[in-house]
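Each of the two complexes below includes chain A, the first together with chain B, the second together with chain C.
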Partner chain A sequence: MTNPLYNFATTEHSASGDIFTSLGINGQMLLFQAVAFLILVFVLSKWVFPVLMKAVDDRQEAIEASAKAAEAAEKKAADAEEQLHELMKEARAEAKDIVATAKEEANAMIASSEEKAKSRAEKIVQDAHEQLEKDIIAARKALHNDTIDLVALATEKIVGKSISESIDKKIIAEAVKEQA
Partner chain B sequence: MAQARLSRRKVAALLADELIAGQNVTNKLAAYLIESKKTRELSLYVRDIEAALSDRGALLANIASSHQLADDTQNTIVDYLKKKTGAKNVYLRQDVDPSLLGGVRIETPDQRLDTTLRHRLNQLTASKM
Partner chain C sequence: MIHNFASTGIEIHVGAGTLFTVGGFAVTNSMLTGALAMIIMLSLFAYVVRKLQRGEYNRFVGLTQWAFEGMLGQVYSVIPDQKVARKVAPLALSIFFIMLFGYWMSVLPGLDSITYNGVPILRAVNADLNFTFAVAIIVFLVVQFMALQAHGPIGSLKRYFRNPVKDPIGAFEGILEFIGEFSRYAALSVRMFGNAFAGEILLVILAVLTGFLSVIALPPFMAFELFIGLVQAYVFFILTVIFTSLAIESHGSHDDHSLTSQDHSPSDTRKKHAAVSSE
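Showing the complex of A and B:
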């Protein structure tokens, strides 16, 4: 049995005698296109590609710089956050100490105030007692003096009228006798 | 008596001697005080004369009471003063003061005895606080 593809190739080759021609390729045109292609490649590689590559490199560098900056910012933010936590921790501790100190001072002040109030109250009570004693003594003195005045006045009034010459004589005799 | 430089005690002693001798010295004393311009010192001279008399055994005592003293009371006082001061003669000069209320006040040149009720009342009043 004969292969159909082999038959077709054999038929066509024998018909044209040249493969390029049979394929419709013009040699000159091919050469021309090759040269043009090379020139295009040269021009692109000489003036276009470097600019594009430079732009790409710059862009990449910018992206990398941005990424580094972002990374640095993130790290900085993390550090700042950590520092903030530390500061907050210290602030809390300090606030706790301040509150504790304030409580101690307040307690001390309260104790001092209570002590002062107590001593002042005791002083007031003591002063009141002393004043009371002074008043009592003054009242006793006044009573004593008033009694003396009253007794003297009464004696003068009563004795001055009631004492007779005979009684006076007796008084004088007793007085002289006492002195003798 | 015209000796202006005599001390008061000396003058009093001279006058006391004359009094004991029975002379009246009142005019002499008055003349001396006027002449020496010491009339303001009359009470001092009288006191010194009384003291001089007392030294010579003649005691002059001022007696004050609320009633006139009876003779026996005066004798009691004279006896008391003689015994107390050793005076040979005691002369009483009495003064009646009803405000004394009772008792007697005896004043000699160097002593004072006050037994009057007025004095005791004054002492009581003075004891006020």
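Showing the complex of A and C:
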């Protein structure tokens, strides 16, 4: 039995006489195919690939720009965070100062209020003492006068008549003074 | 040509079938399918470009942009020189997209069943050696041009021809490099052709063998073909970029047979050499 593959090779070869023809290679066709391919390459290079390359470049640029923007935003965020930390730090320090100052002021105010209250209380007490003194003096004086009047009245009753009001008062006052 | 393959009536042609001739020029089924792939691809790109210019976005535009950006990123990561990368990117990206769309045409319904003058109308352009060879030759020329620009004529020649007395290992390596310059591009084109051609045959044979059940049997294989198409297009694309990078990278360290250079990190260079050697 004949091998069909062997037949395949020999039949083609024997029919044409040369290997290129049996493989279907033809100079004219090869040239035509080459020219057709070169035209295709030209058409693609001229009108298709530049547009696609531009699209790729644009996309690449957009990606790079986005990456840069993201990087800048990240840096900005980091700066803002740092700034925020600084501000917070400053604010805390300021708040601490304010609290300290407020405390000091409050203490001063308390001390001042205490001082004022104390002096006022002292003044009130002093006034009260003075008033009391005045009242005592006034009371004494009143008592003194009443005593003189009583003595004068008693003396008048005993003596029977009054000498004169001014002499009576003078005598009585001297008597009271002596007793005192 | 095999007539009546396995007695099923399937005819398998390594070369593309001629549908008709225009002024003596043969129009093949792969050309027609390739033109269809090109029109679909350009229409989709036109739609995406219009949307992008208007600043309108949707999922398809986003997907295209994502794929484009990913591929462009690959070019920039393999070729550290941004100027060279910008020059190579259009070619490499064109290769990726046309290979992808061309390959995906092989899963269109009607493969091998819709015929004109007895020739199937649909055949993936990647399953035509004329196309894969043409692209590989263009890549080869561009890579050599880049190398010439980077190293100058003498520098470029030094990549292959070194003094065997002063540096016998380097001279041998240069010869291997010279042979490799041709073999790697031949491999590049034949790999793509082999995968696309085999994929088409697989689908045709599977359709014939399963008969009416092909409605159920074919979709998983079609999906697999779509995936393979994506992988193969990517391989063609990335190898184009790697070959360019290898060609333009500094060869000043050849005297000490080091793979490192000032332009690339050792790990990058190792990766590239590993990728090439794995071919």
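To be clear about the criterion, the second predicted complex is superposed on the first by the 138 of 180 C-alpha atoms of A that agree within 3 Å, B and C clash if a C-alpha of one lies under 4 Å from a C-alpha of the other, contacts with A are read in each partner's own complex, and residues count from 1 in each chain.
Basically, a residue touches a chain if its C-beta (ideal position, glycine included) is under 8 Å from a C-beta of that chain, and two chains touch if they have at least 3 such contacts.
The model shown is predicted, which means the values in this text are computed figures rather than measured ones.
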Among the partners chain B and chain C, which is in contact with a greater number of residues of chain A? C
After superposition on the shared chain, which partner residues are touched by A:87: those of chain B (first), chain C (second), both, or neither? neither
Does the superposition put A:45 against chain B (first), chain C (second), both, or neither? second
Of the partners chain B and chain C, which touch A:136 in the superposed model: first, second, both, neither? neither
After the superposition on A, what does A:34 contact: first (chain B), second (chain C), both or neither? second
With the two complexes superposed on chain A, say which partner A:172 touches: chain B (first), chain C (second), both, or neither. first
Looking at A:148 after the superposition, I want to know if it touches chain B, chain C, both of them or none. Which is it: first, second, both, neither? first
Where does A:124 make contact in the superposed view: on chain B (first), on chain C (second), on both, or on neither? neither
Could you give the residue numbers on chain A that contact chain B in one complex and chain C in the other? none
Please output the residues of chain B touching chain A within their complex, sorted ascending. 65-70, 73, 76-77, 80, 83-84, 98, 101-104, 113, 115, 117, 121, 124-125, 127-129
Chain A contacts chain B in the complex at 141, 144-145, 148-149, 151-152, 155-156, 159-160, 163, 165, 167-169, 171-173, 175-176, 179-180
Chain C residues touching chain A - in the complex, by the definition given at the top: 1-2, 5-6, 12-16, 25-26, 28, 31, 34-35, 38, 42, 45-46, 48-49, 52-53, 64-65, 68-69, 72, 89-91, 93-94, 97-98, 125, 128-131, 133-135, 137-138
Of all residues in chain A, those that touch chain C in their complex: 4, 7-8, 11-12, 15, 21-26, 28-34, 36-38, 40-41, 43-45, 47-49, 51-53, 55-56, 59
